[in-house]
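Notes to accompany the following structure.
Letters A, B, C and D name the chains as they come in the text, with residue numbers starting at 1 for each one.
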Amino acid sequence: MALTVLLSCVAVLLGTAVAAVAGACRRATTLFVYSIALIVSAAALAVAGSALLTGASPADSVRLPIGLPWLGAHFRLDALGALFLVVINLGSLTASLYGLGYGRHEPAPGRVLPFFPAFLAGMTLVALADDAFTFLLTWEFMSLASWALVMAHHRHADNARAGYIYLLMASFGTLSLLLAFGLLAGPGGGYAFDAIRGVAPTPIVSAAVLTLALVGAGSKAGLVPLHVWLPLAHPAAPSHVSALMSGVMTKVAVYGFVRITFDLLGPPAWWWGAAVLTLGGITAVLGVLYALMEHDLKRLLAYHTVENIGIIFIGLGLALAFQANDMRSPAALALTAALFHVFNHSVFKSLLFFGSGAVLTATGERDMERLGGLIHRMPLTAFAFLVGSTAISALPPFNGFVSEWLTFQAILLSPSLPQWLLKFLVPAIGAMLALSAALAAGCFVKAFGATFLGRPRTGVAQRAQETDAFSLTSMFVLAALCLIAGILPGYFIDALGPVTQQLLGAQLPQQTGLQWLTIVPIAESRSSYNGLLLFILIVAAAWVTAYVIRRWASGALRRSPAWDCGFPDASPVTQYTSASFAQPIRRVFGSVAFHAREEVWMPPPGQTLPARFHVHMRDLVWDAVYAPVESAVSWAADRLNKVQSWTIRAYLTLVFGAVVVLLTVLAVWQ
Amino acid sequence: MIELGPLLVKAILIIPAGSAALLALFPDDRATGRLNAVGTFLTFLAAASLFFVRPDPGPFLIVDDVNVVFIVLNTFVGFTTSVFSASYIAHELDIGRLTPTYLRFYHAMYQTLMFAMNLALLANNVGLMWVAVELATLTTILMVGIYRTPAALEAAWKYFILGSVGIALALFGTILVYLAARSVVGEGLDAMAWNVLVRQAAAFDPTLLNLAFVFLLLGYGTKVGLAPLHAWLPDAHAEGPTPISAVLSGLLLNVALFAVLRFKMVLSANPEALAPGPLMVTLGLISVVFAAFMLYRRHDIKRMFAYSSIEHMGIITFAFGMGGPLANFAGLLHMTFHSLTKSAIFFSVGHIAQVKGTQRMADIRGLTVSHPVLGWGLVLGVMTIVGLPPMGIFMSEFLIVTSTFARQPVLAVALAAGLLVALGALLLRLNGLAFGEPHGSNAPAQASFVPMFAHLTLVLAAGIYLPAPLVAWFQHVAGLLG
Amino acid sequence: MAVILDALVQLAQLLLVLALAPLLTGYVRKVKAHLLRRRGPPLVQPYRDLLKLIRKEVVLAENASWVFRIAPYLIFATTLIAAALVPTFATGLVFSSAADLIAIVALLGSARFALALAGLDIGTSFGGIGSSREMMIASLAEPAMLMIVFTLSLLAGSTQLSSVSTFMQGQEVGLRVSLAMSLVALIMVALAENARIPVDNPATHLELTMIHEAMILEYSGRHLAVIEAAASLKLLLYLSLIACMFLPWGVATTGQGFAAYAIGLGTYLVKLAAAGFLLAVFETVTAKMRVFRVSDFLGAALMLGLLAALLLFVSQSA
Amino acid sequence: MDRLALDVAHLFAGGLVLVSFMLLYQDRMFGLLNIFALHALVVSLSVAWQAYIQAAPHLYITAGIALVVKAIIIPVALHRIIVRLGIHRTIETVVGIGQTMLAGIGLVALSILVMLPITAEAGTLAREDLAFSLSVILLGLLMMISRRNALSQIIGFMSIENGLILAATAAKGMPLVVEISVAFSILVALIVIGIFLFRIRERFDTVDVHALERFRGEQP
């Protein structure tokens, strides 16, 4: 039943896409498309949510006579799918709501409107697919639709390049997933997931499948070193699409990985956990370091997606490690942490991208070095963005902290793992996790400070206007979610129970019954957290302090120029920019991670030229992985291309050679 | 009713021949385009009816499950191409690239080509098929050279030399097959008839068969355009009129491949003979990888898509070489989709080259802005040809790669790598062609978009839903191919 | 009954830390002054400063936003709550289940976040200097802190401070290398977090060297008072953290009667005095290091913490 | 009688191989033409002989065509063209004559090698003739790739065709031989002389393949 509703939602979305092609040029189409998308995703969200809470019936599956002829297209709604459908459709809902306002400023609606619903439909279908072919088809369809959205503003050369790299990487990922499914399905071509679950692959095969799944899903999720396309493509799209790509589509990639490794592949080996943990840790730290070096607001957010994907994969790796040693409840804890972070990240990343979109429409600027002081012009946006920044920096009482806290709890359970490698690896990963969390806080102090605080650095920042009501509504809905998930995590953790039950056969103890809604993952004596209590206490304490002081001491206040140690500067240019804010951290980490070199040029004495300061940074991942491939391909292309300009005689020689070779082969073979 | 079958078969051959003669004599240079289309349409009708009526094989002509697929595809694409050709040639006439005399010649040759290809597909006699393929080659040579520019003549000359050598090799192979059959079947026509050959191949002398297959693979493989025998193909596509490029890529390559397949069936029917699979797989893989890299350095849009044809012919040969019901099915599917898609691409490319007045990709930019319909048509076509879903080629490539990966992982990885490299090249070019700031003239194209979008819609629909009878049919044929 | 008692203890503790924090600051100043052969300000000077400050009017920079005005109270409240959750003289606080050690560290992180934003709000260069350096230091201090937590939870099997300190009171702990290491690491972190020498100098206003002071440069009046109070609370918090984890002797547990509580209080004061004295001595004998040496300093702390955890593995799994 | 007939047939076939070698050896245009005429003559003789011993009168047609078209018309036409276009009288070879001859001998060996395992009932007549015609074909290919100008490439191609006709006629009782050979020779001859050389002369005054290479598209 629920499945039918969801599939019809998809059908409606696709219909809308087709209709949008027809009326792409008209203004009314914007309203039409986004409101349809809004309604449909609201419906889908309701259905998926109820399926998740009430427990989806495993029998809820259909087989449509499309796709591979003798196979058909299998669709199924299970707990895992339901969870991700909630994430997807929550994102779609808010994005559509946002789009109602944001879409009005779209210069080329004809290149956005048809693909937006198609993109939503693609993501929903991936979470529903129940056979390899349908999965890959919808997966690549999703990539294709999002590619079209990335190319919406194709006149900028680097957007076109971003789209190209994106599509290339996406196809690469799909190809490796295709190979993975080829291994899973076997020569008989049993592509249905049930058939795949039926066969138990040999260790080598499952190792290969894990690797391919890591490459395939990782390239879409943005695991280092497969992340290069992400910071190019996500910002290139219109902001609500960036939000969807960063907040939701990467989660679909996570879904793919979870589906393959936890559901289809059978019992894991312990080293899988080690591999995934290592990748996750590196991704988390590198991602946030990249973000710190960035001064383009949207690209910074995209790099933070890389970081959070790393955190999620740390949780998944822990779950794999525990599961391999048949420690079910720790595995459930780790997986819960990962999945909860999936939800949380989708919420606050969408929120942040919406905020950046609002800034973009208000100022036409993505470069933080040219913004500043927006908190005075757009206070509401600033507030929402601040909530998002606090949440993504994993600070209590918001939701980002809860999922990272759960991950830490899982890490603290690692000593009971028998394998020495894991024993030594996990603490280091924990340190990396803490490092990335702290750096993220620094990065968002930088982002929020440079964009919204201080004094406006340019005229556009001075003349900015608060954004429209639709955008604000969707931002505040998400901000409220950040707080609610932070202070009432118990309900969300309980909602994840069925999923871990389905994948691991275990789940965390019931949380919501506990005293004052405290969450206790393992045992009261071990660790517990109560966001609600902390929130109430802090607010109360702050309010009391303020009240007492103003009541009995003084409430007097006078405005005056800034003190600034006695020499206030007229020009806002002397403020700390984002680059200068990141400088200490660059001094500490950058020289290793980016070979960062600082280059100062001082004018000769007596001259009035300005001094110049340059920072040279290199993307080592690109240099190490992609540049060689690039040059190898072009080398081969150059060599082979000589053939194009041979003489006819030379071509005849080729034919002659072929004949002689084959004849010789034949003579030898006989 | 009994007489209807042979009648249809004759119609498939006579209509093109007759209209060729007619068009050669027809004075009016405007109506000829339409007349051409009508002729091909009638042929298509006759061919389509073969699904329902099945005449008994004669000594010279045969209609069996295998070639019906090819014939219907052939006549259909021939028809749509003639529709496209009507508007294309009209424009060529306006700008004076073609004189009325050459126009007549062109249409006559077009029909002759259709006649030759149908004959090759229908032939029940290896010798007759050889003659038909030879005829098809010669007509295309003439049409490639029709613009008489140095480049065109050079392309035609190259095509002529390489093609004739290929055809000579094929003839030698044919003779060897006859010799192999003669000692079993006895002298006379039977020793060259398909149905007889396949039935009795088990008793043939394997040595002769092997030798024959080597020559036939190389001979007809030259016409399929497999590397390293491909050299004629890119220039022939680039220099001839675009409808001819479409027919070459969409049909003639298939006809040659069909010949190879027929002989593969004969060979695999003989237990002692060498397995034809490995040879085809090797040639196919070489073609895929080679073409994939060649795509990066192309500057001429038609030449680029010609190389992509080489790549896809490689894929198809690879699939048939792998054999087995799944791979053969995928190969047939891929062949069909490739014919439709590639001809569609050439339709759009032809109009693009006409409006922009050039084939150099450096001079073509931002088509989706300047000519939305053409531009998005091209985008859709390229997306299809590189195998992105939901279009049909994704399905066939999915089947080929997965089924191969389970049996020969190394080959599958190599194939996948080739596909990826080719995808990278084509998308790179597409970025420049379709997106970015528009460049060059943006005069509206007076073009018939119907054929292009008809093909693309077919491929798209097939990618999502394949009708069951068609599937059963293809599976049956795949079974026959062994 | 027990709940009420716990609540009372909790309240008492809240008030206690609130009352003690300025005193501790003044005490440290006093000791330092004595070591430098000065008389130094009276012990109660910090209280006087605070009272004076909250009575003064606030001079607010023109483009200060609401962030700038709310931040002080948030910082104060967060630090206060965090400090109230660290067992000082008695465990078994009624709210102790609300936050374990990790959460307490994170609470301090929130306070720092707010402070750093406030530093950027006015748009002066000094605020920027302070914020950026503060975040750099924090980015290294937090992992180190977490490694310490890791070690302790490995031993005590818990991140709940009450459980940890109860466990440390027990006999089976013994003397451990890793404990010593993590203690050193914790001290280093505490120095960094509280902007003490050698990382930062609470007494300086030399522009280019200051970190904490740079961020609060624009504050005045009650805002400044609240922030100063928060700073001293933070110092107290870290000292009592060290006290309750590494020298937990005498800390009373639930329902032991008032005698135990009195003993606990007494021992707590003694511990504070000792710790404060040592801090003062340390600050007097060491010099402040360059900002970019701080990373090495905290990197060492991180390494110590990691080493402690790993050593513990060896000793446990053997 | 049979024995003798076979020997004569082999004589002709072997002679054809010999003449192919002479073609390879030849480095002057007119000489090449004359020897090609000889080549065609031998073919027609051999075909005629086959017609005689197979008692297959239709083969006489093939023989006749071979004689008239390739031994007389084409050489004369080419001779005219050479004179009219003033083509160099000497042929530039890619590799030295000596190596070419060696390669040719290797090819003959190869073709005999691949033909040996053919079972006897394919007919002794067929086997040797096949070996010879295969070597003629390969030698023709070798000639095409070891000569630089278009004319000798055409001649090489036509010698290949002679080899084919030899094989076709040797295949006893093969249907459509006449049709095939007619199609082949007439079309080839027609295309070669009729269309291409004239077109090419319209454009540029040489038949040297290099002249064509300049016109490969793809200027970047």
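Please note the rule applied: a residue touches a chain if its C-beta (ideal position, glycine included) is under 8 Å from a C-beta of that chain, and two chains touch if they have at least 3 such contacts.
This one's a predicted model, so the numbers in the text were calculated from it and none came from an experiment.
S.K.: Which chain's C-alpha centroid is most distant from that of chain B?
M.R.: Farthest by centroid: C.
S.K.: Which chain pair shares more contacting C-beta pairs: A-B, or A-D?
M.R.: When the contacts at A-B and A-D are counted, A-B has more.
S.K.: Express in whole angstrom the distance between the two chain centres, defined as the mean CA positions of chain A and chain B.
M.R.: Here chain A and chain B have centroids separated by 44 Å.
S.K.: Distance-wise, how many Å sit between the C-alpha centres of chain B and chain C, to the nearest whole number?
M.R.: Computed value for the inter-centroid distance: 79 Å.
S.K.: If you average the Cα atoms of chain C and of chain D to get two centres, how far apart are those centres in Å?
M.R.: 100
S.K.: Could you state the distance in Å from the CA-based centre of chain A to that of chain D?
M.R.: Chain centroid spacing, chain A to chain D, equals 69 Å.
S.K.: Please set out, as single numbers or ranges, the residues of chain A touching at least two other chains.
M.R.: Within chain A, residues 644, 648, 652, 655, 659, 663, 666, 670 contact more than one other chain.
S.K.: Listing for chain C: what residues touch at least two other chains?
M.R.: Residue numbers touching two or more other chains: none in chain C.
S.K.: For chain B, write out the residues touching at least two other chains, lowest number first.
M.R.: 157-158, 161, 165, 169, 207, 211
S.K.: Please list, in label order, each pair of chains that touches.
M.R.: Listed in label order, the chain pairs in contact are A-B, A-C, A-D, B-D.
S.K.: What residues on chain B touch chain D, complex-wise?
M.R.: Its residues touching chain D are 125, 127-128, 130-131, 134-135, 138, 141-142, 145, 148-151, 153-154, 156-158, 160-161, 164-165, 168-169, 171-172, 175-176, 178-180, 182-183, 187-189, 191-192, 205, 207-208, 211, 235, 238-239, 298-300, 303, 359-360, 362.
S.K.: So in the complex, which bits of chain B are touching chain A?
M.R.: The contact residues of chain B facing chain A are 157-158, 161-162, 165-166, 169, 207, 210-211, 214-215, 217-218, 222, 228-229, 231-232, 234, 274, 279, 290, 293-294, 296-297, 326, 366, 368, 383, 386, 388-390, 394-395, 398-399, 401-407, 412-413, 416, 419-421, 423-424, 427-428, 431, 435-437, 464-466, 468, 471.
S.K.: In the complex of these two chains, what residues of chain A are touching chain C?
M.R.: Against chain C, chain A makes touches at 372-373, 375-376, 379, 382, 386, 390, 393-396, 401, 405, 408-409, 411-412, 415, 423-424, 427-428, 430-432, 434-435, 437-439, 441-442, 444-446, 448-450, 453-455, 515-516, 518, 524-530, 533-534, 537-543, 545-546, 549-550, 553-554, 556-565, 568-569, 572, 574-576, 580-585, 587-588.
S.K.: Show me the residue ranges of chain C that touch chain A in the complex, using the header's touch definition.
M.R.: So the residues of chain C in touch with chain A come to 54-63, 65-67, 70, 73-74, 76-78, 80-81, 95, 97-100, 102-103, 106-107, 109-110, 112-113, 116-117, 120-129, 131-133, 135-136, 138-143, 145-147, 150, 153-154, 157-160, 163, 205, 207, 217-218, 221-222, 225-226, 291-292, 295, 302, 305-306, 309-310, 313, 316-317.
S.K.: If we count contacts the way the header does, which residues on chain D are in touch with chain B in the complex?
M.R.: Residues in contact with chain B: 114-115, 117-119, 121-123, 126, 130, 133-134, 137, 141, 144, 150, 153, 157, 160-161, 163-164, 167-168, 171-176, 179-180, 183-184, 187-188, 191, 195-196, 199-200, 202-204, 212-220.
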